[in-house]
Structures are given as C-alpha cells and as structure tokens.
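Pasting in a structure now, in structure tokens, and then I'll have a few things to ask.
A, B and C are the chain letters, set down in written order, and residue numbers restart from 1 in every chain.
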Amino acid sequence: MTSALRTQGLAQQVARQRWRILRRLRPSRLVLNGIIGLIALFWMLPTISLAIISFRPAGLFNISGWWTVLTAPTQLTLKNYQDLLFSTPHSVIPTGFAAGSILDSLVTTAAITIPATVLVTAISSLAAYSLVFGRWRGRTVVFLGIVALLVVPLQVAIIPVAQLYASFKSLTGITVFGTLPGVVIFHVAFGLPFGIFLMRNFYTGIPKDLLEAGRIDGAGEWTLFRRVVIPLGLPAAASLAIFQFIWVWNDLLVGLVFLGGNAHHTLTLFLYGQTRTLAADYWVISAGAMISVIVPLAIFFAFQRYFVRGVLAGAVK
Amino acid sequence: MVKTKGASRLPRPDASEPAEAVRLPGGRWHRHLGSLAFIAPGAIWLLAIVGYPLLETIRDSFYNSDSTRFVGVANFKTIFSTADILVTFRNNVIWVIVFPFFVTFLGLVFAVLTERIRWATAFKAIIFMPIAFSATTSGLVWNSIMNIDPHVGMVNATLETVSDWFSPPGLYPVNTSAGQTVAALAATGLRSGPGGTLESTATVAAGQTAKLGLVGISPTALQMIGAAQAVVAPPAPGRVSGLVWRDFSPSHPTDRGTVFSDEDGVAGLSVTLLGGDGSSAGSTVTDSHGDFTFTGVGSGTYRIQLDSSNFSSGFTGIYWLSGTQSLTPTSGLSQTAQALFSIPLVDLSMIIAYLWIWAGFAMVIIGAGLASLNREVLEAARIDGATEWQTFRRVTMPMLAPVLVVVLVTMIINVLKVFDIIVNMAPSTSQANTLAVAMYDYGFASSPSNNGLASAIALILFVLVMPVIYINLKRIR
Amino acid sequence: MARVALEDLTKRYAGGNLAVDKLNLDVADGEFVCLVGPSGCGKTTALRMIAGLEDITSGWVRIGDKVVNLLPPRDRDIALVFQSYALYPHMSVFDNMGFGLQLRKTPKAQIDKAVRNAARILDLEAFLDRKPGQLSGGQRQRVALGRAIVREPAAFLMDEPLSNLDAKLRVQTRAEIARLHQRLEATMIYVTHDQVEAMTMADRIAVINDGVLQQVGTPKELYEQPRNHFVAGFIGSPSMNFVDLAVQLGNTSRLAGDGVEVRLDDTQAALLRDRGLETVTVGFRPEHLEIGKPEGPGLRVSASIDVVEFLGNDELIHAVSGGRDLVAVVEAGGSLQVGDSIFLSASPRHVYLFEPDHGLSLASR
C-alpha cells in the first residue's frame, strides 16, 4: 500500500518536472519559430509582390499597391500576360515569337544557355580527367593556372574578345560578334575554370585502382573516360551543369556586350531594355520577369541538392 | 618526349629477341598523349578567350581610346582625376566594406537558426531561392519595392502606415516635398497665412458671410469625401458664416469668384475664426456644401483661417533610389570631397536588395560548415560547463572561422564586379555606378568608345582580385 | 596460360628511390608464386610492372614468349585482382565481370557464358544483378576474382587480395584461391606481406626485402634452408630467435654467450673453422625448442619465464636469457609458471648459423 502510494507520488513528481520543462521550452520555441517564420515571410515578399503585380491591371500600378489585392482579389487578371504573349490592342512590344518578344527572348536564352552548359560540362570533364588520371608532366602547374583563373573578372576579356571576333570576321568572313555562338564561346570560357576545378576535385576522389582495373580489362583512355569516370562523376557533372545553367541563364553583361545589335534578345536583355524605354511599363517588366524566372526556378527546385553541392564545391573546397 | 629514350637504352635481353619487341606501339608516351589530348579543348579555349585577352587588356590599358597609340599611364591618371569614375570607386569601396560583412552575418544567423527548427529545409529553400533569379529580375523587383510613391513601393507604404499613425495627413494634402505650396490653392478671397495656413483677405464681422475659393483641389478627393454642390450660406445676425468651394467650373474654366452650379463645396475643412489679435474665437468644420457657421460671435472684426492640418501632406515617401541624398553629412565640404565621402541612399538600398539575393548562399555554406563541425567537441564544451552562448562564442565560432573567411572572400569578389543590380535597380542615377558599370559604359555604351580607359578600369578590377588569386593558390597547394 | 619471366627488373622513381633492384624470377606455366616481404619492400611495384601499370626503369618482363615492357596493360593478357578490389561501383556484378570481354568485342552469348561460369565457380550466381555496394566484403572479393577468371588471362596477378577481409573469411578465401589455382591450372603471381598466406598457397615463394630478391624456393625450402638472416626471420611464425654468440673452436667446439650455449657438430665446426669467424649469429625456431637439458651437440638455453600464452594445444613461452627475449612453443599441459627457471634445447639440425655482418647463412656458402 505504502509503496503504491510512493510510486504514485513519484509519477506525479515526474509529471510535474516534465511539465516544468515543457513550459520552459514551449514559449521560447514558439517565439523562435515565429521569428523565423517572419523572416521567411519577409524573404518571400519580393517574389510575391512581383507575381501579384504581374497579375494586376497595368493601370493600377501607379494608383494602389499590390497588397490591396488582399482585400480586393478580383483585381487579378491574366491580361498582362495576354498582352505580352499575344498580339492585342494593348501590346506595346512585339508578341508571339517575333524578334524582341518575350517568347523569342526565352528561346534565345535557351539557345545560349543549353550549348554553353553542355560544352562547359563536357570540356571540364575531359580536362579534369586529364588532370587527375593523365600522366603527363606539368599537371599541377596547369591546375594551379586554372585555379588562378577562378576569380578573374570577365571584364578583363570583353574588349579584346570583341576585337578578336572582329578580326576573325575580317579573316574568314564569318560573323561571330553579335551572334549566339559568340555569346556561347565567351560563356564557356568563363565557365571552364570553375567547371574544371569542380570536376577535378570530384575525380580525385575516384580510386585510381578503378582506372587501373579498367586498363587491365582492356580499356583505352576514351573508354575509361566514357565507361568508368563519366558514370562515377555524374553527380558532380549534374552540379556543374545546373550551376552553369542558372549562371548563364541569368547573365546580363555578356549578352549585353556580345549580342549587341542582334534583333534577338536574352531574357535579361529584354527586361533591361524595358527599364530603359521612356515609358517603362512595369506590367511588361513584371510579367516578363515572371516568365524569365520560371525555368531557373523550376531547375532550382528540382535539383536543389545538386545546386547546393555545386555551390559548396566552389566555395568551401 | 624525353622519356622514350629511357626505353631504347634498355639492354637487349638476348640476341634471339625480335627487334620490334622494343618498339611496340602503345608505349608510355602514347598513353600520355592520349590523356594529354583530353585537356586540349579546355586549354585552347581558356588561352584564346581568357589568357590572351587578359594580356591584351593589360596592353590596351596603356594605349589610347582606339588602341593605336601608347599613352603610358594617362588612362590611369584620367581615372583618378575624373569625378564620375572616382564616384564608382567610392561605390565599390562602400559595397566591399558593407556588403560582405552583413551577408556573412545574416548567413551565420540564418544557419544557426535553421539548426533549431523542424522546417529547416523549407526555410532554407525560401532564403536560397532568390539566387535562382537573375540579378536583373531582382533589381527590377526591388526597384518597385523601393519606389518613392507609398502607393507603389512597399517600403514607403509601410513607413506611411506608421507615420500616419502619429501624424495623419489632411483631407486635401499638398505635397510640399514635390514643390507644391499651400498658397497656390488660394483663388478667391484668400491669402497665405502663417504656418501653412490660408486666411481670408477681407475681415468679417457678425452677420456677414465670406466666400472663399480654392483651386487645385482634386475632384476625386471631393467625391470620396462626399462633397455636394456649393451653396452660399445666408447671413444671419450674431453669426459669421461662409462658403469654401472648389472655384473651378468645367463649364467656365477661366472664371474665378463666381459660384457655378457645377462647382462643389470643399467639405470637411477645418476652419478657425481669428480675432483681431490673431487668437482663436472658435472653430468648426465645413459641411458637404462647403458651408460653415460660427454662432454667438461678438462685436469686432475677424478673419477666417483654413487650418494647416487640412493641407498636411503626411508621409510622402523616402527617395530610396536617390543618388544625391547622402547618409553622411556633406555640408562644408568641397564638391569633390562631397562626391567622394557621401554615402548615397541608393547604395544602401541596393545593398539591401543584394543581401536578399545572397544571404541564402552564405547561409548554405556556413550551414554546411556548421554541420561538418565535430559534434563531440561541442558536447565536450557543454560538459565543461559552457552555456549555449559560450559554446557558440568560444568553440563554434573559432572552428567556423575558415568558412566565414571563405564566404567573406567570395562575396568581396562578387561585389567588386557588381553590375546587373546597379543598372537595373537604379537606372535613373549615375551616382550608384560601380567600376564594372563604368567599364561597360566607356567600353561599349559611350560613342565613341574608349578602349584604353575601359581596359584600364578592367585592369584595376583584375589587380583588386589578385590577392584572392594568391590566397586560392596557397590554399590549393 | 603462360610463363612469366622477370629479368633484372628494376624500378627507380623520379626521386632516385630504388623500389625494385634487378629482380630475376621465372614463374613457370601454371605455377603459383607468392611475392612476399614487409610493406614497402617493392613487391607490389614489381607486380604493377608486370601488369603494365608502372613504367619499367630497366630490365625485362616476358609473358609467354613475348617481351611486354612497352605493351599497355590491355595487350598483356593478364588479370589483376586489386587489394581494394577496384570494382566499378556503377556496374552490376555481371557487368563488372564481363566488362573486359565487352571491351574486346566478345559476342554477347560468349560473355554471358563466361560470366555465369565464373559466377558458378565462385558461388555468385544469386548476386549478378547487384551493385558492388550491396555486397559484403567477401562477396566483393569473389567478384574481383571472378572478373579475373572470366578473362581467362595468361597470368593472374593478385595484390594482397585478402588483406581487407576479416580473419575467418581470409582463411576460407585462401582455401578458395588455392582450389581455384588447382582447377584453372593458371599461372598466378600473388603479392602478400603475410607469410602464412604465402606458405599455405604458393608453389614457390619469392622473398623480397628493400627491393632486392632474398630467396626463391618452395615453402619447405624457405623454411628449412633460409638463405639468410632476413628470410629465416620472415618465414615461420612465431619468428626465429636470434642470438649472437662467440665462437670457441677446440676439441669440443662450441658457441657461447650469456645463458646460451651451442655445442657444434663436426660439419658446423668445420664450416666455422673455414670462415674463421669470431662471432656468429645463431638462429633457432621457437617450435624446435624443447624443455630439458640433453647431453651431446645442440643448443641449450637457461632462461626464466616472462610470459606464458596458452594457445590450446601449445603454449607460447616468452623467456629471458642473458637479457635477451626468446620465444618457445611447447606442448601445453606443463606446469610452467612465470618466474620459473627452465632449460630449453634444440637439436643441431635445427640450429642455423648466419654471418653476423651480412646475415648470409653459413650453410648456403
């Protein structure tokens, strides 16, 4: 009887202690989650504002803030997108796939980004293979050279490369400046140092034994690269490709310089141009900006893990 | 290749050995050639588009605008004596000093915070997401967020709400910061009074009426307030009455002083009766027809005052993207010194926008650094009696220092080259320009372009990142 | 299947470090030879030179009747089992084993047959679709073996293939490899630092130290007639005991030191007389020591017991004699106690004599 009582008393004591701990934890935990929630909300506001502005009537932009949508959701309309994508009486710029339209810019951006990404990934993988598994002398020196190029600002190259393109034209008659290949060539060059660096760091983690086993199995360098190293290096290649893709997609300066005079624009050039027209139409800008972020955002969310890995490989190592 | 000689120097094992055995294909130099070929595309590409142009830029920076004549250090002299370019230096200095520090701090705070919540993955994605946007897009978004008009810009709208709480605007606000004046509203029987008021030009006495006409009153505002057609109030003994109306008739656009039927009264206006000594003898508010009446008025003459609160503009917005408003006092300085030592508001605004973009990057890297710390060391600190803060301060931070340095350095390089956000967020001022913008302007946007000057600026950018190249090389070795 | 011959095989690294010094070894067709030696002795380098993974500084490697010095690995018709197994992590077990044949453009059906055959031999049939990451250490090891078998190479090279297995599995796999050798009748060159592995599996053993070949012979030869101090100490477990003793030639020639005495038989005395040595290194194996103090020629030691390790059938005795640590293996069941004084003895044929300066066995002249 007494022991039963004592047990009961102990149980109560434990319950009381637990309650005390909980009470001490709960509010602070709640406050913490509240603060972090506010930060998250604050961080989303710009994106939300862009989205809402793009769905509000153009005329309301200067009259009331986007947040009035919260009390008047009927404001929302698809009109901006219609005017931007299809020819309507309100369209102020080319529509459809005409040069200078948003969809044409989307295609142009993809036509630059995809080759630039594929080339950087492929060439970096090849170079990294050579640096890690090759046996030629001077590999370390070459690698250090590439590390040195990692942070070189692209400003140091734009004028000479523009001149290079010009002299290439006078030599061969082939126009490079102002064309998509001209932009791609430049993007690839400035994507390579990081690409080679990232791939090399990953490849050094592949056991040399595997390559030797392959050599004994009868594989030549190309087979080793294709059948052993590429499959194993896939995660790094994915990181690099996604990083490079987002980087090129979002570039403004290279397109600004090397696409100069071309009727086709990249998305960033499209937006940049809009801010510089006399009547900067924010409805065009906001709807255009929304269209421009769809692709990188989708890639970002689909492959966030790889993207983060690319970021880490570039920064921490 | 030299190495193959070693092979041919080998002693022949015996005479019966077939001679071709020593010269079989697939020898080591062959193998090396194979893998050497793999680096060729990358190497050629880099040499042609990065290596050679770098040398060319160095050369060009000592040549004239079309790279035809050697000019020595003239371009650099120009750079350091041209006010516009010096301003870009100032901006780069501001960016480099302010931004990396804050972004690292934010990243650290976020990284630490996310370790304590269950929805860390979602939070990280939210903070990290802006990096998927182009800086162009982000610049445009923040351009609208920082818009001066509280009806458009979120920041100013928030400030307006706060400000209105303390000093609400009048019904008929006059935006003095935009150059409007209260005096300009006076049309009939009114003159400018003290402290942003209007008062009647004529004096009135009991039993009289006053007709006070205003212009520049927005019909929309009147409509919203519920104003009705202006009616002249009849005089009555012992009373001072009157009308305040919108003295603009669409049917008689040039006629002032006559009350037409298509003119509305200015409703809801605070009116004060001023005695001869200027003291208040009573106050009232106009009705929907614009009429007001003061009863029980004694003898003597009075003036009628339209209070300043009617015209108070309230909060009209901060010009966040201003290149001339400085955060530092600049009075008493020479013009050059003002340009060099002011911190324009636009820089701060753009840095805030840039923080929004890059805080996620810092958070992810620092978060990875935190995750890779040896948990046992942190636990040991706990056991040793350190509080959470002490553990963080004395153990976590020192162990994390290398990662923080990496973030700092990466961000310094990043902002040295900052371009997209500047040209998109603050296209209306040149006061926000950075070296990268100046380089683009001189090299491509101006006509004729100045290759020498642009190259010299590019070279300066390159020299500025050279310490980082050195650090990187040392770290890799 | 083929003969593998090394002639004056030498490897000098760029830094001047001599890893393998004029190695001569002839491995007959179908023979199982172990290269054994302490780590860093050059045995793996030698193997890699045979495989073609390491450039040859000088000397010759022949496989079959071809000099293969300049041939890339793929043209040497050899298979190598790596210490780390080096399985391709992204390929299934089947593809891992069939990769070599695939690269040689062998018809699919033939690859399939070869791989399944190897899988049957190695009991891997159930795992063919798995990736290496899903296998246990022992299974991975067998896949590595299978990859070699499938190729039907002229020679199998194995680089410490058992060192990543636990003790029990190692014994099992050792037997498996030995069986495999009998079954395939293949030439095998097997590198290990574990002399037990070498002793149990090899037809012949090549002992290497500091890049220099010390002795080649059957396990029995190495055990019974070590050519020098190093081989004597390396082969056999526990290691041979060594003591330096002063030579006293006379009517009854003997070697004497503190607590240790060897009474020489006539041949030994004659050998020593020939050499005119003043001191000599005497070696004797722990398992050849007996407790007791017999008369006549042979070795006798007076020692006190330091540690007794019970091994089941035997006891390992660590004893101290004249400041020297000696080890003896004796039948268990005695009542030996720590601190006891004992006499140990060995017959003359179990006493090895080595020159004290360069360690050559006197018996080997």
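In this text, a residue touches a chain if its C-beta (ideal position, glycine included) is under 8 Å from a C-beta of that chain, and two chains touch if they have at least 3 such contacts.
Note that this is a predicted model, so its numbers are computed, not measured.
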Chain occupying the middle, per Cα centroid: A
Pair with more cross-chain C-beta pairs in contact, given A-C and A-B: A-B
Whole-Å gap separating chain B and chain C, where each centre is the average of the chain's CA atoms: 75
Rounded Å distance, chain A centre to chain C centre (Cα mean): 58
Distance between chain centroids, defined by C-alpha means - chain A, chain B (Å): 23
Residue numbers of chain A (touch at least two other chains): 220
Multi-chain contact residues (two or more partners), chain C: 72
Overlap residues in chain B, where contacts from two or more other chains coincide: 28, 31
Residue numbers on chain B that touch chain A, as the complex places them: 28, 31-32, 34-39, 41-43, 45-46, 48-50, 52-54, 56-57, 60, 67, 110, 113-114, 116-117, 122-123, 125-138, 140-145, 149-154, 157, 356, 361, 364-365, 368-369, 403, 406-407, 410, 413, 416-417, 419-420, 423-424, 427, 436, 439-440, 443-444, 451, 454-455, 457-459, 461-462, 465, 468-469, 472-473, 476-477
Chain B-facing residues of chain A, complex: 32-33, 35-36, 39-40, 43-47, 49-50, 53, 61-67, 123-124, 126-127, 129-131, 133-136, 142-144, 146-161, 163-164, 185-186, 188-190, 192-193, 196, 220-222, 225, 246, 249-253, 256-257, 260, 267-268, 271-272, 275-276, 282, 285-286, 289, 292-293, 296-297, 299-301, 304, 308, 311-312, 315-316
Residue numbers on chain C that touch chain A, as the complex places them: 51-53, 72-74, 78-80, 82-91, 99-100, 103-104, 147, 151
Residue ranges of chain A touching chain C (in the complex, touch as defined): 207, 209-210, 212-220, 223, 227-228, 231-232
